[in-house]
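Quick one: this structure, given as structure tokens, is what I'll be asking you about.
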């Protein structure tokens, strides 16, 4: 690991004092791509429901790096070889894993950039940094993309029990105030081991893993997919889609240059490959561009845009209904009709005032690699098999709900976290 | 108190579940003037030093209202008469006490609006709300402005031991991670009483009051006046002053309409009295306008503006020195000269790259009303007299430092909270 | 409720300041039967594994009373009628629910008193207090014994989601340091309601109930049934059984009068009914009698007694093995034989040095009344049906393990909580 | 440092998971002298006021050892040489520093053993262990007794800012629930350094040191010297003194052999030197012997003994008055007289029912070595000079109160922590 001349400590209310372990990692932390994460909230619009949840992706990334350091120390103490170079690369990989995030939330990815996921964009940006740094991020990129020969290092960065998830569960629980979502990350880390190049949890940690999965699911339904947060997100998507539509029609619209660029180019194929300017605009885009524009749009001449922006800014949120079965078409048709009547919008525009969809908890993804439990006799079992408490339904991923959100004449606030 | 049909609970990571005590208070909470506080960080640029400190003035205001409720219950249980109407008014007053805040920090007040303090603006906005609400805030305004006959109610809103201070100390300590700044707000509240219409603390609470003053001072030097936070604030003031200068010269500058308005009108006398539009622009102004503009200014043709904006956005902050005595003029002259030489700016522009000033902890203000201790025999003493541990120097307000901050050729990051 | 002249506050590290709500409850708190609980640890021998877990049944009882107060306020706010007298009775019932506890743990009940459970003894003592107090505990007794017409009050005292369980989960989690065992008791209480005279949880609290059951199970296996704690408990039972045997043989044994009484009378039928002195001895018996005796017994001439006492006092605990299936008789026979050989004890005495048994988590008891979930449409479902995550196996109560604990030549310490 | 075959972790609710750093330290932890501390409460009778404060000297010792490890790592990272052997010795020294404690509290030292302080007894016991261990504790003993050439190691074990004090402040604050007593031990440790072989705190840690001293003083008056705790302690001293008197008169008294030994020999000169059995009795003496005896004494024929024991066991505590000046002799005389009249005791016995004394906070002892602050320019200042907030009075040690405690006809409970 590179020497440490720049002694830096970050005071994290969640994990305590965090030492930045090396000068190289310190330089990464200082890089504008990482500093940008200071301007992107970790939980996006969830702060509309949980007003304490204002924490940023920056601090989450630093926290995940810190847990990575602890996990590596733990694995080493059990005889698993991890070189200093590998350790630094794994920490770099997790520190950078979120740099490709759009403002606010995953939902905006599809609205602002065609066919793009933040993981792909993160990689693109890491590669750009790597070029700047003369290849110093080579190993980190191999670990990030799971091309490094030690698979377990990738699993620590991105897997069912990675340091990303451990950090965000405790962090989101801490800042939202939903204390039941907290987990014993330190205990889970103490139980980690490697078997046949795969990350495993020692058998006596099984209760902690069960608790982790339950807490994760609780956080999904109570926080990440809180109906009001989802409705707000849909509202924002509608607003931006409307803005895109107005742009396409040649209407004038206040927006920062970066936001304007994406409103105008959101539907282009392969944007980042075809236009070198795209990435620079992306790096200037964060939560503030969106908020700043919406405030101005509250008085825009387009009724749909101003109505929705007004509702958003003043927190007159969509009303939400949840159901185990899809909503009847009749209800939707009635809604549509009422907007045409009451708001004086065209039938084509009415869809901007409601949204119906299926939401799905991703507490555990059985399609991805599984959490493995290591028994004293050397046997390894899948958690789905090892746990005698968790329902297969959850572990099989069928954990979902239908919801319908829609504008009310006089919307009601709902903070009831 | 008005009846409660809208049962609302806010989940506060600091104080736990907060019940909104009445429909009227709930409506105030929903008011756009209060919702705007969701977009203004409580600690402004301190998050550059303590990245967890992203909490907003909104949640602080709600927290202070909650402590007010507890204080009122406590005072009532000791036989002090407080009517339901007074209780609601006191809670309204503290809920609204911060609505006149500019983005980021007190320092910006003077930069964006000539001769105006946020307290004055808060009052202006509360009066505007009162007109809308048909006088329902009359009592709240009397309490806020200390014209209500029960003085102690005003002291709970604004005094040396008010609910504002109690809330922000524990809250800022919680989110910054500086745990020593925390205090026993619940214990202090339990010790409150009223004597001769003045708020007093019962004698056995004296240790908690001493602890409160020490914690407050610690927070001043370690957080509120952290040298890096102060330097960042000065940097931002310089940037906005430069932007104002460019505006005055007729240069084009990207900014939201609200920010642009203040850049163009910041130096007008009696702005709010002379231009009715001013208040509307103010209500649209928050942290996002500033951040959004600075990002665009990083590529502005004016070298001073772009250099400073770049430093700010990428966290290449001013270097800071602290001293018990003023800095020598020679040092300043050398600094100035070096900027002319190295940056190629004019001698007139060089002052944008440094700042020297005196900073002062306001842990206890002996010029304002004093904290009073009530003894079992009915005697009341000033804390300065009652405490046998606190130094008169601190209680006499002479707690200050000189500092000098300035741009470095290659700036260094300083997270060391 | 009786008036409150005696303003008393207890500082609880877990729940914060607890106000004793009435003079009557304050007097109960001061009663020697309740004060005795200050000398009985809540988690008994678990402190051998989790050295922080030294908290007493007294503070637990006070905490449960406090949660009862909050639950009652919540239920009242939803329109359920609970008179002041009922409220005080329910609080009295839960404050007194544990006063019949023997020292250390449930296991000792059978060793020290024939055919007696602590619940029965608690009732006997409450009735004794009631006689002293001229019938003031009549309603409390009806609630405690489920003979009061409002069933839900009994369920708050003793049920699958009673205030006893809520308090001990958060308390035991807090003091043991097993933070994953913590639950959102405040959230669960906020979701409580009454339907058809039964305690129910509102549907949106289902995640918290699931979390409660998982946390409870985690606490069972990780804390309450921690193999080392169970082994230590068995060790203590063996020691006391040996002491009883020696008493029966007329051997002299140091013990406090109270402990000596039970060693001599433990096997009598209907002890409390037949001997009025029994209850007085019981009231003088607590953890200190046991510890005090064992220290003296470390040098007793009886080899079995001194060997075991020495191991206990110096924490040379039994070794434990856990299995999903019963242990083979052969293994046991070998163990027995080795003790005869190595320790020089008789084949009859060898059984004192090991124990095999079945342990069972009681996270949820499907034989008892069920946790009921109340939906918005008024429907009530059993949690086993309502939860789509919890495995029926757990909810059907088949959550158990076989274990074998035995003396090692040189025992090993095991703190690994 | 010796190798680590015995991987042991202790779960501490205050400091989290604590790894025992070496096999040697693990063996010390297992030693009966250290295990005994599991049976001695850290705060003695303070649990009569703060019922959560049941934590033991064992966990405190382990915690202090853990902080020592962190302090050593910190000092090493700043270039101060500390060998592995020295590190282990310093950790051993602090782990063992309390093994000479009598049950309950320092006050009992003088009652049970003539002219003996626990520090002296700790050293005696460490030397006994050292003999057993073939000299392996030689360096630890040199550090403990300040005969080792690196003075700062002794200061970490015993000084104004030692790991003992850091641990007990946060621990006692945590378990009592007096949260204001908590300090930023991690921050102080991060600021430690060594200058001229003396432990110093770097200048930017001065606020934390001030906070530490204020918190320490708050804990003294609010917890350690809480008037009810002090009164209870005096009550216990009186009880044991009466028991000694009865023993001397040849009266029969129930007590464990260990307690009986000290009751009979408490007044002998040089007990430990003259009687080899003394130390063995001492090692068997802990809180349980005292409690167990007092319960039996509640029915002793001696009125003084039974009255006081009854009051103690049933928590009918002495009433306490506090004053800045000594109490008048007249008041005392009246008290004495009333006991003769009301209780029917002789004038000679009346003194058992009250106590007057001077209590003194030891927050900072200016007679001992001072806390030193290290400035960036290498200068070292005493905290009394460096701090501009703390009153010299406190730093000069004149922080004291007179108190008088006495039996009431019907005593009142006082939990008001």
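By written order: A, B, C and D. Residues from 1 in each chain.
FYI, a residue touches a chain if its C-beta (ideal position, glycine included) is under 8 Å from a C-beta of that chain, and two chains touch if they have at least 3 such contacts.
Keep in mind the model is a prediction, meaning the values are calculated, not measured.
Enquirer: Spelling it out: a chain qualifies if it touches subunit A and also touches subunit B; which chains qualify?
Expert: Output, common partners of subunit A and subunit B: C, D.
Enquirer: Among all chains, whose Cα centre is located farthest from the one for subunit B?
Expert: When every chain centre is compared against subunit B, the largest gap points to C.
Enquirer: Subunit C to subunit D: how many Å between their CA centres?
Expert: Centres of subunit C and subunit D (C-alpha means) sit 31 Å apart.
Enquirer: Could you work out how far the Cα centre of subunit B sits from that of subunit C, in whole Å?
Expert: Each chain reduced to its C-alpha mean, subunit B and subunit C end up 50 Å apart.
Enquirer: With centres defined as the mean C-alpha position, give me the subunit B-subunit D separation in Å.
Expert: Centre separation, subunit B to subunit D: 43 Å.
Enquirer: Mind pulling the residue numbers of subunit A that touch at least two other chains?
Expert: 9, 16, 178, 187
Enquirer: Looking at the complex, which residues from subunit C come into contact with subunit B?
Expert: So the residues of subunit C touching subunit B come out as 9, 16-17, 186-187, 190.
Enquirer: Applying the document's contact rule, which stretches of subunit A touch subunit C when the two form their complex?
Expert: Per the touch definition, subunit A meets subunit C at residues 178-180, 182-184, 187, 207-208, 210-211, 214-215, 217-218, 221-222, 387-391, 393-394, 399.
Enquirer: Hey, which residues of subunit D end up touching subunit C in the complex?
Expert: 6, 8-14, 16, 26, 29-30, 32, 35, 38-39, 41, 47, 50-52, 54-56, 58-59, 62, 174-178, 254, 256-258, 284, 286-289, 291-292, 295-296, 313-315, 412-413, 415-417
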